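Across the two complexes that follow, chain A remains constant while its partner is chain B and subsequently chain C.
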Partner chain A sequence: MLRFATTSALLFCLSVPSLASAADPTAAELLKRYDAVMSPKTFDGLMVMVAHRQDDTTRTYKFRALKSQDDKIRTWFFEPAAAKGQEMLRVEDNMWVYMPNLKRALRLASRESFQGGDFNNGDVLRVNYVADYTVKLIPSDDATTWLLDLTAKTKEAAYDRIKLWMTKDKQQPAKAEYYAASGKMLRSAKFDDVKNFHGLERPAHITMKNELASKRYTELTTLDMKLDLDIPAQKFVLDDLGR
Partner chain B sequence: MALRTPYFLLIGLLWALLTGSASAQESLDDLDAAKKGDSGAKKATAEVNGYLDNRFQYSYINPGSSLLSTVNQPSLQEILEGNIQLKINIGSKLFIYSDVSLIYQNGWLFYDKDGMGGRVKIDDHDVATLRPFVVPSELFVSLTPKPWLNLLVGKKRIIWGSGLAFNPTDLINPPKDPTDPNFQRAGQWVARIELPFEKFTFTTLFAPQVLYQQNGLPFAMLKYPDYPLADGTKPADDSYHYLLAARLYLLLFNTDINLFYFFSNKYNDSFENTSRFGGSFSRYFFTDYELHVEALFQVGSGKLYPNHQCANGGLCNPQTALFASKLSDGNLYPRVLVGGRTQFRDESTLSVEYYYQADGYSAQEFEDYLRLLSRAQMAGISPAGQPAGGTNGSVPQRFTFDPLRRHYLIVSYNKPKIRDDFSVGATLIAGLTDLSGTLSPTVSWNAQEWLTLSLFGFVPIRGIPVGTVTVNDVQYSEYSLLPMDFRFLFEARAYY
Partner chain C sequence: MLPPLLRIAFRNVLRNRRRSLITFSAVFLALGIMVSIRGFLNGLQATIRESVVLGQTGALQVHRTGFLKSVSASLDLSIPSDDAFLAKITAIPGVKEATARIMFGGMPNANDVSTAALFTAMDPRRELTVCPRRNEMIYRGKALKDSGPAAAILSPELAASLGIKLGQKATLLTGDRDGVMNALDFEFVGEYGQPGLPLPDKKLGFVPLAFAQELLRMEGRATEIAVALHRFEDAEKVKPVLQATLGPEYEVSTWHDVAAYIDDAIATQNFILNLIAGVFLFVALLGIANTMLMSVLERTREIGTMMSVGVRRRQILTLFLLEASLLGLAGGVLGSIAGGGFVLYYGHKGMILPIPGMLAPLHVFPLVSAGYILFILGLAAGGAALAALWPSVRASRMRPVEALSAV
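For the complex of A and B:
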C-alpha cells in the first residue's frame, strides 16, 4: 500500500511539469477542442450505427444528423426498415422522438439508450461537454495522450464522470471511460480512423463498449459530414417532426 | 371457411413494392441528389416503406359472462394487413403522403347462450365488420411555402395532448387501443394551417365528419346527402357535422405546454355549436422522470346515459333508452389524465397514468345501464349508441378504451432485451371504482431486423365483489361485460 502511494506520488510529481508547460493546452482548451471536433458548430452528417449484441448478431441503423448554430440537433432514420421514419430532436435540455407508428412525438431522457445500442441519447444528441462538465487534467498512463477528468455539472449530462484521453499530436479524442455516480464504469469508447470531412479532421469511427455486458458494443461510423450550414430555425421545432 | 380474398394478391403487391424501393445512400450528396436533378431543378421523388402483418387470434367466448351479444364475435379471427407508406416529395416545400392498409379479415367459430348458463356453437356467418377493406390511415398533401407556414389538407392523425395511453383532449381522431400503440395509426380528414416558430406553434384546423364510408373511403362528409342510401338508410339530419380547433404550443422552462380550443357541431357526439377547452403539460423532472397532465373542460356531456325509468321496467323502447341527457345541463365535466414515465438502468420503461372523467357513470347510472342491457338482451335487440369497440374506418383494434365510470389507472411496463431480441411487456387498465380491468401481457421477438413476432394476451379482470352491481342475481363490473374469458393473439410483422 505504501509502495503504491509512493509510486503514485512520484508519477504525479513527474507529470506535473508537463501539465503545467506553457506550450500545452489547458484542460478547458482541450475540452473545447473535443466539442469542436465531435460536434462542430453546425453540421449535416450521415452516420451508420452497428450494434453488436450478446448473441454475436448485429443491428444496423443509418441516420442523418443536422445541427443548428444554436446547438439543436435533429436526426432522421433510414434503416432498418422497422425504424424508417423515426426522427429525434434535441432543443436545449429537451429531447423528443417521433414514432411513425404512433404518428406523434414522445419526450426522451438524455440517459436513455439511443436506439437500444450502447450509446445513450446524450452521447449522440448532446455533445456539449464544455456546458455539461467541469474538467481537470490528470496524469495519463499513455505518454502520447492527455487525460481529462470530467465531472458532471448539470443534471442533464449523460454521465456522472468521464475520463477522456486526447492525443497530443492532433488533439483528437482517443478513448474514454464513462462512469456512474457510484464509480462503476458503464461504458468505454475508442475513437479511431481520423478523416478529413470538408476541412474538419475528426475520428470517423467510434466503438462504444458496454462494460456491464461482456459481449455488447456499438460502432458509430461517420460516412459524410458537411459543415458551416445555414439551416432554417423551423427545422428544429417539435411540430416539424414527421414532415 | 373459404378465403374471400386470395393472399397472393396482397403478397404479390407488397413484393413488387419491396423489390422496387431498395436504395442506398452512402453520402449526403446521394441523399440530396435524390431531391434535386443534376441541374439542381425540382424533381419529384418517392420514398416507400411499410409492412406486411398477419394477426391470428383465439378468444374464449363466454356468452354467459356478459350482457352483450356474442353472436358476431368470432372465436378465431384472422387479419392480414398489407401496409404501404408512400411519400412523394415535389421539391423541398411540397409532399404527398399516404399510409394505406389493405386488410383481409375473417372470423370463425361463433357461440351464443345455450339458455342453461352455458354456450352453444352457432353457424359461421357473415359479419359486416369482418369483411376485407381498405384503410387510408393517412392521406394528405403538405405545403410549406415559408419556413413559418405549413398548410395541410387530407386525412392525418394529429395528436396534440401529452397522454401516452389515452388522450382526453383528442376529439379529432378515432379512439386508440391503449394496449397496443402499433394499432394507433388512423387519422381524420382535416384542413390545417400551422405556424411554427422557435418557441411556439399556432395551429388551427377544420375537420368535417365522415358520415358515410365504404371500405374505408368516405362518400359523405360534413352533411348527409338529401337522398337515402341504396340500402334504404335515411339521412339522420340536415345539420353540418364538423369540428374547428385551435392550439397554441409553447416550449417554456423545458416544458411542453399546449392550450386547446374546440368548437364543434354534432362531430362524433351530440354537442351542437359548443365550445370546449383543454390543455396539456409535459416535462422531465429529476433527469429521468417524465410527468404529464392533459385535461379537457366541457360544460355538459355528450356521453350517453341510460333512462332510469326504462331501465327499471317502465314502458319504453330499450333501443332508444341511451341518450345524451346531460348535454345541456350546465355542469362542468372535466376529463383529466395525470401520468409519468421513466426508463430504468436496465432500459425497461414504466408508465403510470390516472384518468378521471367527471361525466362517467355513477353507481346508479351504471346499474341502470346494466338493467337496460339486460332488458335489451331479453328483447333480442341492442341499445342504440351502446359503447363498444369498432373500426371507425381505422385498422381493426383488439380493444377500444371507451370508459364508462369515473376513475381509471393505466400502467404499462416494457422490458427490452430479456435476451437480445426478446422483449416482454404488460399493460393493465384498471377501473378503480369496481377494481375490474384488463391485463394485456406481451412477448415480442425481433427475429430479424425486418421481422417481429409477437404473442399478446388479453385477460379481463372481473374485479372483486366490492363495487360490482347485481342484476338478475348476477354480479357485474365494468370489464366483466367483455364477452370473453381470455384472448391470445399471434402477430408476425415484416417491414420493408
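For the complex of A and C:
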C-alpha cells in the first residue's frame, strides 16, 4: 500500500511537467526549437547578405555555409570580388578566416562584425543558443508569441542578453533584441518569409538592424538549405581551408 | 604734503623692526611662492602643449565634416590624401606642411592569437615635418621612415598580448572601407612610447600610410590631415582661412578643439594655483591687518597728539594706509625678485621631473610674464592697504582729547 502510494505520487510528479508541456512548451523546449530551425543538425546552405549602410548604399555578399554533425561551421565567400576566396571556420569556441592573399588562416573573434554587415561572426557561425544561454519565459507583449529571456552562459556567446519572440502557432522565431552587458540594445532582428527547405520550415529572411547607427541594417536571405547530409569531417579542419 | 607723510610712514614702519620684519616675511614668502609656482606651471603647460602639438595633433587638423562626431571612426568619412589636395592646404600663408593619416581599428594576429587594437597610419616622411616629436615616439627599435613598407610600431601592451618581439612578423586583419575583410603581414619594428606624454596602457599601433591604404582598399584616401604652421600660436588665425579654402565638406579644427583635455587639464591646474596663491596672500594680508591694528592701539596717544597739533583726520588715515602699503610692497617686490630669480635660473637651466607613468622625465623650463608680476605686486600692495583700512579708519576717527588721555 505504502509502495503503491509512493509510486503513484512519483508518477504524478513526473506527469505534471509533461502534461504542461503538451499544452505550453517550456522555455528550454522553445530554445531547442529555435536552434533546430535556425541551425539544423547539418546543412549546406546558400545565403545572400545585403548590408545597408549609413550613407544609403548597399553591399551584397554571397556565401555558402556548411554545418557538420558535431556543430562545426565552414563558409565560402563568392561575392563581392574583394571577399572571393575567403573562407571561415568555426570549431567549438574558435573561429578563423582564411585569407587567399596570405594563403593562411587568421583567428577571429565572435563579437566582430561578419564582413562589415550588422550580423556579428557569432550570429552566423555560432547558432547554438541551448549551449550558450540560460533561458526563461517572461510575459510577452504580443499574445500570439512566447517571449524568451536569454542570458549568456559563456563569454564566447555573441551577446550578453537576448530577448527572443517565438510564434505560438508554428513555433518560429518572429523577432529578437540583442543587448550588451550594460543593458544597451545593440541590434534587433525580424524573422519572416517562412519557407519549406527540403522538409524544414524556417524563416528565409532575417533583417538585422543596428540600434547604434540609425540607418544601418543587414538582410540575410537563405536561397537554399539542404539538410541531413553526411559531410566528411576533414572539411572542418584548419588545414583544409583554401582547398 | 605727501612726501613728508611718506617719510613719516617709512619711519613708523622701521620703528618696530621685529614686527615689521615678521609681516614683511609673510608677504615676501607669499609672493615668492606665487611667482615660483606660476613660473613652474607655465613651463609645465608649455611642455605638455608642445608634446601634444608637435608630437600628436599638429596645429590644425582637417577631417570630413561629421567625422569627429561619428560614434566610431568611420572609414566612410574619408578625405583625399593626394599631393594635389595637400598642396591646396600648404599654399595657405602660415602653413608649413600637411600630412595625411588614417585612424582605424584592426585585429593584429600572431601566434594564433588575435586582439583588437587602434591603429594610426601616417606618411613617415611628411609626418616628421608636422609632428617632429614623432621622432621620439620610438622607445626601442626603428622609426617607420627607416623601415620597409610593411612595418609597424606597437605599444608594449599590444606587443605583449600578441606575444611578439622586435623584428618578428605578425598579420593585421581588418575590415576594409566596405567592411570586407583584408589582411597583410607586417614586421614589428619599434616599440611606442612618447616622452612628455603618459605611457599608453592601450593597444595602439602605427603603420605607414601606404600600407593602410592597401589594407583598407582606400588608395589616395585618408581620414585626417594634420597641418603644421610656422607658428603654432597662429592656429586660430589660419583656421578660418583654411576652412574657407576647403569648403563646408571639410571640418577644420585647431589642436585646442581636438585635444580639449589639455585645455581642461591646464584650466584645472590654474584654478588650483589661484586657490593656493589666494590662501597664501590672504594669510599674509591678515598679518598686515593685525600689525596695523596693534600699531593703532599702541599709538593712540601719539594719534591724539598729532591731531591736537593740527594734523587732519584724512592725513592720519593716509599715514596708516601708507604704512601698510609700504609693508606689502616691500615684501612683494623682494618676494617677486626671489621668485623671479628662481624662475629665471631654472628657466635657463631647465628642471628635470621624473613622473610616474611616463617613459622619460619631463623637461620643464619655468617662465613668468612681467604682467603677472606687476599684477600680483599690485594685489599685494592694494590688498595690504585694504587689510589696513579698518584699523586706519579707526585711528582717523579718534577724538583727540580721549586719545590723549588713553593709557
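Just so we're on the same page, the second predicted complex is superposed on the first by the 221 of 243 C-alpha atoms of A that agree within 3 Å, B and C clash if a C-alpha of one lies under 4 Å from a C-alpha of the other, contacts with A are read in each partner's own complex, and residues count from 1 in each chain.
Just so we're on the same page, contacts are C-beta pairs under 8 Å (C-beta built on N, C-alpha and C of every residue); 3 or more make two chains touch, one makes a residue touch a chain.
The structure presented is a predicted model; accordingly, all values stated were derived computationally and were not measured.
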Combined model on chain A: chain C and chain B, fit or clash: clash
More chain A residues in contact [chain B versus chain C]: B
Contacts of A:59 with chain B and chain C, given as first, second, both or neither: both
Chain B versus chain C as contact partner of A:101, first or second or both or neither: both
First, second, both or neither for A:82, with chain B first and chain C second: both
Touched partner set for A:200, first chain B, second chain C, both or neither: neither
Which superposed partner A:91 touches (first chain B, second chain C, both, neither): first
Touched partner set for A:116, first chain B, second chain C, both or neither: both
Partner chain in contact with A:226 - chain B first, chain C second, else both or neither: first
Partner chain(s) touched by A:50 [first = chain B, second = chain C, both, neither]: neither
Contacts on chain A seen with chain B and repeated with chain C across the two complexes: 53-55, 59, 80, 82, 99, 101-102, 104, 106-107, 109, 112-113, 116
Chain C residues touching chain A - in the complex, by the definition given at the top: 71, 74, 76, 107, 109, 112-114, 116, 171, 173, 175-176, 178-185, 217
For the chain A and chain B complex, residues of the former touching the latter: 44-46, 53-55, 57, 59-60, 62, 64, 78, 80-82, 84-85, 91-94, 99-104, 106-107, 109-113, 116, 155-156, 223-226, 232-240, 243
Chain A-touching residues of chain B, taken from the complex the two chains share: 25-29, 31, 49, 51, 85, 95, 138, 142, 144, 147-148, 150, 156-159, 164, 181-182, 184-185, 187, 194, 196-198, 201, 203, 249, 251, 254, 256, 282-284, 286-288, 290, 342-343, 347, 416-417, 419-421, 446, 449-450, 452, 495-496
Chain A - residues contacting chain C, complex: 51, 53-55, 59, 61, 80, 82-83, 86, 97, 99, 101-102, 104, 106-109, 112-113, 115-117, 212-213
